[in-house]
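There are two complexes below, and they share chain A, which is joined by chain B in the first and by chain C in the second.
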Partner chain A sequence: MKQCRIEREQRENLDILHLDGALDAYSFPRLEAALRALREENRNNVILDCAGLDYISSASLGALIGFARRARENGGDLKLVKLSRKIYNIVELLGFHKILEIYPDLESAVRSFAA
Partner chain B sequence: MQDEPRSGGPEQISLQIPCRYSYLRIVRQAVADLCAQTCVSEFKAAQLEMAVDEICAELIEKLRQRAGGDGAQPLLVILRRESGGIVSEVYYSGQKVEFPALSADAAKSTEDAAALGSYVVHRFVEKVEHVRDPERGWCVRIRKAL
Partner chain C sequence: MMCVVSICVFVLILFGLVFHLRRLRAEVNRLLQEKQVMVGFVHDVGEVFAGAEDVDTDLLLNRILFYALRIVRASAGAIYLFETEGGVLRARAVAGMFPPLAGSGRGMVVDAVGGGAKRLREAVLSERIKEGEGLVGEAALGRSVLVEDPERDPRIPRYSGDLLKVHTALAAPMRFHDRVIGVIVVVNRADGNVFTRSDQTLLESIAEQASVSVHFSQLREVIEQKRRIDHDLSLARRIQKSLLPAETPRIAGLELAAFNEPALEVGGDYYDFIDVEEGLLGLVVADVSGKGVSGAIIMALCRSVLRSHARHLSDPGEVLREVNRFVCRDIAEDMFISLVYAVVDTETYRVQVARAGHEKPLWYRASDGDVRVVESQGIAIGIADSRTFEEHLQRTEVQLEPGDVLVLYTDGIVEAMDRDGAEWGIQRLVETIRQSAAGGAEAVAQAVRERLQRFTAGAAKYDDITLLVLSRPV
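Let's turn to the complex of A and B:
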């Protein structure tokens, strides 16, 4: 189990956060800082690339939902892509798949912002 | 190097961890290992892993607040197989830590980490007890059916 790394990729009107490792209480401040930076820069179209994510805590899910809500109020959204079956199952059981948009791959999520 | 057989393994794992978030991954790894050795499905294992992580994370948060940081006492985590299930016990000393209750609807609109954690625990395991142990202090005991 790796500690989480968050790398930001900036495109024209879109930001992609590539996650690698575990988003737990230990790495939560890194996620908070990344989301705070996006908010401060008024970047509201965000994709979370979860291909390398092997754990996510409830606090992290709560922070993502809060960010998505505020992004929508500003005409944007936060979308999740490439969730493992294990993490998708967790998100689904908690009912959060009805709140957060989830896509199988990066391309379809990018297209959804253009639509 | 050869891996150990999946059907064997210990009946119980005991871990004493410092009251720090950086040790959560060791607890999750122990849960995952015991589940793998017990042939628990990937999904049930992930649910138990998250429930135990949420309990430990909340205790670490509250106990560190009380102690002002690194003075907080360690947590004792005991994971064991029982007939038809896996039990996790997390022991801590001092006053009882209260876990807030949250409905499913409220969970979807809150960002309160403690409340979300408590919601996860109740959603993912069948039994949750918070009891006083005469020797070890308070114990949060959960049971996940296989």
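Let's turn to the complex of A and C:
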């Protein structure tokens, strides 16, 4: 599987993580590092662009949920956009779609933060 | 008269000689002293570098830096090492008022008092420098760098305060065989002069010598870390194994079969059979998202909470709600448990199913030979508050007829991969169940296990594999 590339795009009041590849046991430390950096910089409004994501492990989902909880405590949130059918099925199976906000495109997620 | 002059000349020459002799003596003493310093240094360095096998890498780096500063008479310095991946360097030892080297230097004002030095140190330690980037990154490409005129050098950040101003700098790569493992950087000579070519040669040779010890010390660190992980894993595996049922219960009119194959990296699956009350049997299949000992402990907690509530409550939904309430308090914020819990009435063959974010059970019906998915909503345990959890939890009922089979499993089954990275997938699982269902629970478990083994032959296993099968023989 293709290792996941994580690119961070910083906007004024939020950060977007563009994911490309598979978030498995090998890429997991990279996700952890990216989330840790956001936490250390106290950046709590985060959008995860999953357009290029083709697999996500349960440990990675756990890290995302953990980040979302902390972000909410600090007045922010973590939102998911552009989930493929496969990734959405995993998220739905775990019931995470009831916990995390999911948007079809980047613009609507960005707007939701502004609201 | 001549005699007096001769005597005077003689006395003068004598004085001159004595004076010269004294100077020579002083010179000899100075040289001896210098020699002593060098001998002392060589001895110290030998000790520093020889201690690599049992000295912690950070301590070793601090000692090397201390000697490097002494030798080239620098007032501050740092040692950067490559991180394990990504071609990024991070400072592991810092001494003196050493300025952060990534960035422009603007906006950083530091005073030595009031915790300024500590903040400065932290700023240097938290920097990540890419290979090729700035002074450190350039030296990491393999050649030492001498900066004689920092004012005009783009690699040196401009700090406004005197404390952080760089007047002269020197960086040398630490190499083990052909690989650069890190960089030693020193700034500002204590005597106010600019670093010379001979300082550069000195620092190069210190870096060269130190790198062997640093390499072995890092190697030792990796081995130590691996040993700790192995210990952690074997402990986790022991806990996990002790939690699995020793045997499968025998119940008249029903057949049960189950297996669990742990992966190399313990994932955290478990299954369980629970005597709920007379005529009611509980079946559990669960997957804890955390790894290692912490995952195994949460698994143990989940199992005992579930067992204790199962004996008071016959509704599987209520049991899961209690488990969620209990586990939420203790579970780490980035961990969760996906779980399916079914309660079987051994008299009527009615099965009630509650699912908390887990793979949906599969139900083979003998009447039409079809396998259907047992649908129900539910959020994984450990992430939602009681109200949200309860709101989205559905119970489903399955009436087992003669020849029917119910299969509970973890995602390790359908996500198991072959050597080329292709997944086994739910379709193959459904097909296997359909083809083996006539033989009952044991036959289904056996068939799934065998086909999975054939499919994944030669591929690494990433996740635990767990399957539990219930059938009602004809």
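In this section, the second predicted complex is superposed on the first by the 114 of 115 C-alpha atoms of A that agree within 3 Å, B and C clash if a C-alpha of one lies under 4 Å from a C-alpha of the other, contacts with A are read in each partner's own complex, and residues count from 1 in each chain.
Methods note: a contact is a pair of C-beta atoms (placed from the backbone, for glycine too) under 8 Å apart; a residue touches a chain by one contact, two chains touch by 3 or more.
This structure is a prediction, so every number in the text was calculated from the model and none was measured.
Judged by the number of chain A residues each one touches, B leads among chain B and chain C.
When the shared chain is aligned, chain B comes close enough to touch A:N89, but chain C does not.
Legend: residue contacts after superposition of the two complexes on their common chain; A:R70 is shown touching chain C, with no touch to chain B. When both complexes are overlaid on chain A, the residue A:Q3 reaches chain B alone and has no touch with chain C. Using the contact criterion defined above for the overlaid structures, shared-chain residue A:N13 touches neither chain B nor chain C, since it reaches no partner.
When both complexes are overlaid on chain A, the residue A:S108 reaches neither chain B nor chain C.
Judged by the document's definition of touching, chain A residues 1, 24-25, 58-59, 61-63, 65-66, 93-96, 98-99 lie at the interface with chain B and also at the interface with chain C. Residues of chain A that touch chain B in their complex: 1, 3, 22, 24-26, 55, 57-59, 61-63, 65-66, 85-87, 89-90, 93-96, 98-99.
Contact residues on chain A toward chain C in their complex (touch as defined above): 1, 24-25, 58-59, 61-63, 65-67, 69-70, 93-96, 98-99.
On chain B, the positions that touch chain A within their shared complex are 21-22, 24-25, 28-29, 42-43, 46-47, 49-50, 53-54, 57, 60-61, 104, 107-108, 110-113, 116-117, 119-120, 123-124. Listing the residues of chain C that touch chain A in their complex gives 265, 287, 289-291, 332-336, 338, 356-360, 377-380, 383-384, 388, 392, 411, 421, 462.
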